[in-house]
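Notes to accompany the following structure.
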Amino acid sequence: MARRCVMADGQAASQTILVVGGGMSGLTAAVEAAEVGRDVILVEKRPYLGGRVAQLNKYFPKLCTPACGLEINYQRVRNNPRITVLTLTEVQEIQGSEGDYTVRLRENPRFVNEKCTACGECAKACDAEVDDEFNFGLSKVKAVGNGHNMAYPNRYAMSPEFAKTPEAEKLVAVCPVGAIEPKMEAKESTLHISSIIWATGWTPYDASKIRPYGYGRIPNVTTNMRIERMANKFGPSGGKIVRDDGKEIKNVAFIQCAGSRDHNYLPFCSRICCLASMKQTTYVREQFPDAKITIYYIDLRAMDRYEAFQKKIEADQGIRWIKSKPARIDADLESRSPIVIGEDTLTGVRYADKYDLVVLATGMEPNIAASPVPASGMTYDAYGFLANATTGIVGTGCATGPQDVSGSVQASTAAALKAIQSAAKARG
Amino acid sequence: MAYDLSFAKEVYKTSEVGYWIKMCMQCGVCAGSCPLGPHWEHSPRQLFQLVRAGKMEEVLKSDSMWMCTSCYNCIVRCPRGLPITHIVHGLARLAVEKGMADPKQPTRRFAVEVFWDNITSTGRVGEAGLTMKLYFIDGIGPGIQRGLEMKNQALGMLKTKRLNPIPFRSKIKGFAGFKAMLDKAFELEAKKESNA
Amino acid sequence: MEKKIGCYICTGCGINEALNVKTLTATVAKEQKIPLVKNHAMLCSPEGVEMIRNDMTSEGVNTFLIAACSPRVHVETFRFGTPMIERVNLREFAVWGQPDAATDKDAKEDAQALGEDLLRFGCIRVKKMNNPEPFEDPGLSKTILVVGGGYSGMTAAKGAADAGYDVVLVEKAVELGGKVAKMHRLTPANPSLPGKDGLQETGAKALCLAVETHPRIKLYKNARVKQTVGAPGLFDVTIDQAGSDTVERIGSIVVATGYNLYDPNKLGHLGYGASPDVITAWDFEQMAREGRIVRKSDGLPAKRVAFVQCAGSRDKNHLEYCSSTCCTVSMKQALYVIDQYKNEASTCVIYQEIRTPGQLEDFYRKAQNEGVVFVKGDVKQVAANSGGGVKVQVADKLLRGDESMEVDLLVLATGMTPNIDTTDPNVSSNLNLSDEERAKTVLNLDYRQGASLPSLKWGFPDSHYICFPYETRRTGIYVAGPARRPMGAASSATDAMGAALKAIQAVESISRGAAVHPRAGDLSYPSFRKEGCTQCKRCTEECPFGAINEDDKGNPQFNPTRCRRCGTCMGACPQKIISFANYSVDMIGAMIKGCEVPPAEDEKPRILVLACENDAYPALDMAGINRQKLNPYIRVIPVRCLGSVNLVWIADAMSTGYDGVMLLGCRHGDDYQCHFVRGSALAEIRLSKVAETLSRLQLDSARVRLTEINIMDVDRLPGLLDDFVKEVTALGEQPYKPF
Amino acid sequence: MKEFAFYPGCSSEKNASASNMENSVHHMCEMLGVKLKEIDDWNCCSASIGYAGGGHLPRLALTARNFALSKQQMGDSPVVASCAACWLALRETNERMHEEPGVKENLNTALKEAGLSYDGKLEVKHLVELLVDDAYVGFDALKAKVTKPLTGVKMAGYVGCQTNRPFGIAGDNYENPEYLDRMIEACGATAVPFPKKVACCGGALAFSENEKSCDLIKDILQSAVDNGAEVIVTPCPVCQLNVEVYQEKVNKLFGTNFAIPVVYYSQLFVLAWGGGWKKAALDQQVVPADVLKKFA
């Protein structure tokens, strides 16, 4: 992404729209606005676009790959000269008002310049490994890499810690095109912007905070997002859903509302988890045709036409649906299998059932709660989600509330119109 | 007729933190958390739904509340933040007040007939008196039998100087004020109930 | 302007090591007769780009053949202000995809042959390519028509007007406002916001006023759309207002016709009709609005009210889907009762699942906190009480038994159905509606494929796509609000804004002559040679977007602004008379024939792969990036969509001596992934008929295969290709090989 | 170190069931230089069983009186408790005075009868909270005093309920608190994995429905033994009493053969710091802690 913020067609910089966050919501807002004919600057703090969606194996209800829609959106970005993408970039400060914002950006160093051809020689030569954030720490990756194999832009980046080491310097000579620059520094820049779309998305709720479920303490208790990575054939286990000891999986439980709808953790409903678990039963079924599956739930929330997806999953006779929020998980130390304990509320029967694998359907923590919009006058709800009250700075996707993909796209398309309205007002 | 809310409204108003019962979403965490699960008839969540359904008799005659050991597992896990332990205690108290608690329920007897008297008669627990009274609650015969059953435990405690054999103990110094305070507290509590 | 081609071969990224660039250069210059060929060690570097730019001024180069890396990278690097550019993917296919070429002499030879063929394809393509002239029409309009003046319609109209677009709003009722204006209060959009946890004013009055007084909104109340003729940018919409017709020139359309309530008369099993005190949520809303919540039977105060969820919804005998808003609507209505009767109120919601997604969970809590009781169960029996009110028997799932309750009112939370006419355009009966039937449709589209919008399921014209929820199969027409999918007011407002944006995007794109999603920005559009037409109607029938009408004689009438540029018409045409300036049957045919097929005795088969550029091509590309060995005998030609594959190309391939043809495209069927809806499905149908052609040529039909591929199939793709090559080779010698 | 108001509770009285705790706590604090000043004329908190006889307000009034006395005698000094139930009653009363409408006012109306008042603002500390907190004592100091490390003894840290839920020691994880294991390790002993770490012993039900309680006690003992523990360590007087004293009853009911000593953390410290058998009150064990004898 060599391009700087040069506006096409000499459109006044003050009519440019800034989109913060390059996940599905931000991408959509950016391309939808650009395809109307507006100049858009899309900033993303990671080295690549795609956000959470890029980590998903499949979408519900079609069970299709998110990479397909992402590819189309990347094409739309590539082919549209009105969009400028700035990766590794964060918004430092926003001043001004609707139609006339001054925004300070910080572009963190990639340590690999735009000459990079993604040939991979540096990674081959690099011995240092770091936790693979993309795979939720399920694996390690080289300290220099492109993030994941579908990454866009497909350009390498180096971990900042590694860049400081002498090993990083050694890679300079390895690169055939002279792209490695361990001394690269952060850059600050200032932009003039008419309106801003805030689409910073979500982070999976930290399951280790849900103490009764013992994530991190009890073996073979995992999370739904980790299952997405495991089930992905380019994931850390080559597409296999696995236990930590590699033993066969015959009996899997999904625990809904793991952290959500719970005043101890996230009091709101994360909206997607019911459908995500239903979807994940198909991963399990595909890999383990005879596996027993249990879903523990409070209310099944397959809204509107997703109901058909629920019906489809319900047709799998190997799934038990238990209306119950499990009280806790115990460890069976010998078998390394978790025991789920609770009460089936429809029978009143208490259970203590052992599973080979327990999947916590964790919810969405809004990123915006930890990193609010660096502007004054913003309104947030009780959980840190952005209210859509402010004109000029428009929240969308999971920055405003838990959303599924198509809801995020819907809201982001709407956000593009609001941003354009701001520009229209600025024009007078 | 179910779901007539008059009993529920009474509980909301008069029972200790009873108003929290409104907030239960019937997830079952409390039931799964309770160590006395194998023994009770109604889990906390069931009691709450019965309250909302207006089933006064079923609730107040249930011995489930008396199983509470105050372990607080339900409180810390309840996703709706219900102070379940206290609600259950409140329902037990309501059952006592309405005279609907099973008179034979052993924990009720211990709590109401023995323990409270024991502590309020002097200001502090008299362990020997407490134990004796509990054993002899049904008269001399069963008392001796219970005492014999627990003989070894008592002897062990005696030997290790952890049981004072003399049941009599003196009152705390400020007993008069202590008593007046409790009387006032009971009076205030009764007022709250009559306001319902 | 005369075409001046410049070919630039990059020698970086291992191309120079793996391939004989001199020979490649000669192939372009001598064989393909493109004299301007240059090499550069790193074409994507500023120096490389500078070299090309210099040629633009000094040599007048205006058409570019970039033989370097994948077209999926460096798009912006090689952007020269013209669509007249072609990328030859030497790096991914002939270098990275041939990892053993560095060590194996045969493999190196194969890679070289592959590189040369790829260059030949590129050369032929640029030679056959013409600069697309954008479609223009002086009559193009940017006015947006919004049909429906309810909450969604008004929001869409105001949204577009506030962005500076003229809007025509048609409302069939005498007044604006739709259903929301007739509601007492709304559920909070986000109850977790400070001070917004309770019932909200509808705001309908203010919105109506804003719409009525908006200088950019032209309002037709008491009116309906009588007919829609034309195409996006050029729609002529006849609006019938109280019997008098007006024609408006319209650019794009938002349909926001809202919903209907499920007919409660079908809900006898839930007690409807058993007593006047069993009413619908809508009737209850009206009561609350009038401020008198009373029993219908005797007018006495209705303090005890029960609400039945999923009344018609989630029921295979009624509506199979969840109507999405009923749970919160009932909570809202229970709060009305509590608001009116305070501590005397007794409300209860009989439910299956409580569905309060997102922050709406706080509204559930709010309702509970106000005293609403929730009963999970099924209504078994409802009977009128002699003294008024009803007795309801519920199979109570939490108390695990039958329970009876007495209430003053039983409110059925009836589901919603889309207030729109939709049809399946593939069912021919829909095409032959009577004039009377056509007149009843929402838009009465003058489309050869029918007057209605195509539906997805259950009559909702929702998009099939997760990533692109506004896509419909009628370009420039977008649906918003509960007409599209069951949703409440807050979602409808967002949805309407999104639909308005898409409508604006459509008129802006059309004004530039550009396509909308998914080939956004494409300036090409189909043209056809009328004299060659046999009126077979395949193009008019198969176009997934209904873009092509027919005249009285059965000749196709193209509507470029309805077109998405997939080329399905081009693929359908047996006469090969439909083409784009930069994509045609002739062009691809020539590329196919341009491959240098070795004679049979060389034992080097050639397989033509026609790959969908959306998913299959990126998958092939990724395989190269991953250094997976791609079978060196395949020759990949990307196509816009498998729908654009004309069967003549298969004949071309066979007569050229290819051993087999493989079509790689998106999944079709129920969960299709084809971005042009039916392209890959149509290709499959066409292929089923190719056996005949092949047998005429004395060829085994196994030589041609369609395989569904998605972008994630990178791992299995090389194996699939190898297998196909093996199977085809096993069929024996292809008789049309050159000698 | 400053002096703290101390609420020992009924079981810590002379010759009461937890007098072994009180005796060892006394010596432990002496060795640490922690000064605890007993609140004069304190009364019973009614523990976990006062609800039925006392109901809501009278029950809370009991603790409010103790607070009021402490305030009168010791000003703003935090109130320290060593008994789980006493500490919990203090924490809870404070919390409910702030969170439940009317409670603070009503309690003061009642307190007025005894010539007292309380604003709900005194800080409450469990004795353990002083030990684990560097601001007061801290693990380093606990370790530094060890002269007779209890090397080689395997112990199950049994935290139980009320020092753990709902408030927890210094915010430790109530499903898997770690402070007790760390204390065991600080004494030089070995903490074994113990799944029943936070299980309930039946509390006051041991009195009224002993069999039900013994059911729970058996599981706790079994888990400790299964995991190789030679000693069970606890901070809670009810836990200690129930798990120790009813072993014989459990053996009778279930045909088991348990004889595992159950000691307080305070006893361990006194022993490990060289305080000897008597100061550690280890002579007050119903199930003798012979395995620790060699450290006396």
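To keep things simple, chains are lettered A, B, C and D as they appear, and every chain counts its residues starting from 1.
The working rule: a residue touches a chain if its C-beta (ideal position, glycine included) is under 8 Å from a C-beta of that chain, and two chains touch if they have at least 3 such contacts.
All values reported here derive from a predicted model rather than from experimental measurement.
**Student:** Of the pairs B-C and A-C, which shows more C-beta pairs in contact?
**Tutor:** Output for the comparison: A-C.
**Student:** Central chain, going by Cα centroids?
**Tutor:** Per-chain C-alpha centroids ranked by distance to the global centroid put A first.
**Student:** Could you put a whole-Å number on the gap between the CA centroids of chain C and chain D?
**Tutor:** Chain C and chain D have C-alpha centres separated by 66 Å.
**Student:** I'd like to verify one number: the distance from the centre of chain A to the centre of chain C, where each centre is the average of its C-alpha atoms, in whole angstrom.
**Tutor:** About 24 Å separates the centre of chain A from that of chain C.
**Student:** Cα centroid separation between chain B and chain D, in whole Å?
**Tutor:** 22
**Student:** In chain A, what residues contact two or more other chains?
**Tutor:** As it turns out, chain A has residues touching two or more other chains at 212, 261, 328, 345, 348.
**Student:** Can you pull out the residues of chain D that are in contact with at least two other chains?
**Tutor:** 174
**Student:** Residues of chain B that contact two or more other chains, please.
**Tutor:** Expected reply: 25-26, 38, 46, 73, 76, 80.
**Student:** Looking at the complex, which residues from chain A come into contact with chain D?
**Tutor:** 211-212, 214, 217, 328, 330-331, 333
**Student:** Taking the complex as given, what residues does chain D use to touch chain A?
**Tutor:** It is residues 173-176, 193, 195 of chain D that touch chain A.
**Student:** Quick one: in the complex, what on chain B touches chain D?
**Tutor:** Residue positions touching the partner: 16-17, 35-36, 38-39, 66-67, 69-73, 75-76, 86, 89-90, 92-93, 96-97, 106-112, 115-117, 119-120, 123-125, 127, 130-131, 134, 150, 152-153, 156-157, 159-164, 172-174, 177-178, 180-186, 188-189.
**Student:** Give the list of chain A residues in touch with chain B in this complex.
**Tutor:** Chain A residues touching chain B: 212, 257, 261-264, 298, 323-328, 341-345, 348, 350-351.
**Student:** Residue numbers of chain D touching chain B in their complex, please.
**Tutor:** Listed in rising order, the residues are 10-11, 13-20, 40-44, 46, 48-58, 60-62, 65, 100, 106-107, 109-116, 161-162, 164-166, 174, 199-200, 202-205, 207-209, 212-213, 215-216, 245-246, 248-249, 283-286.
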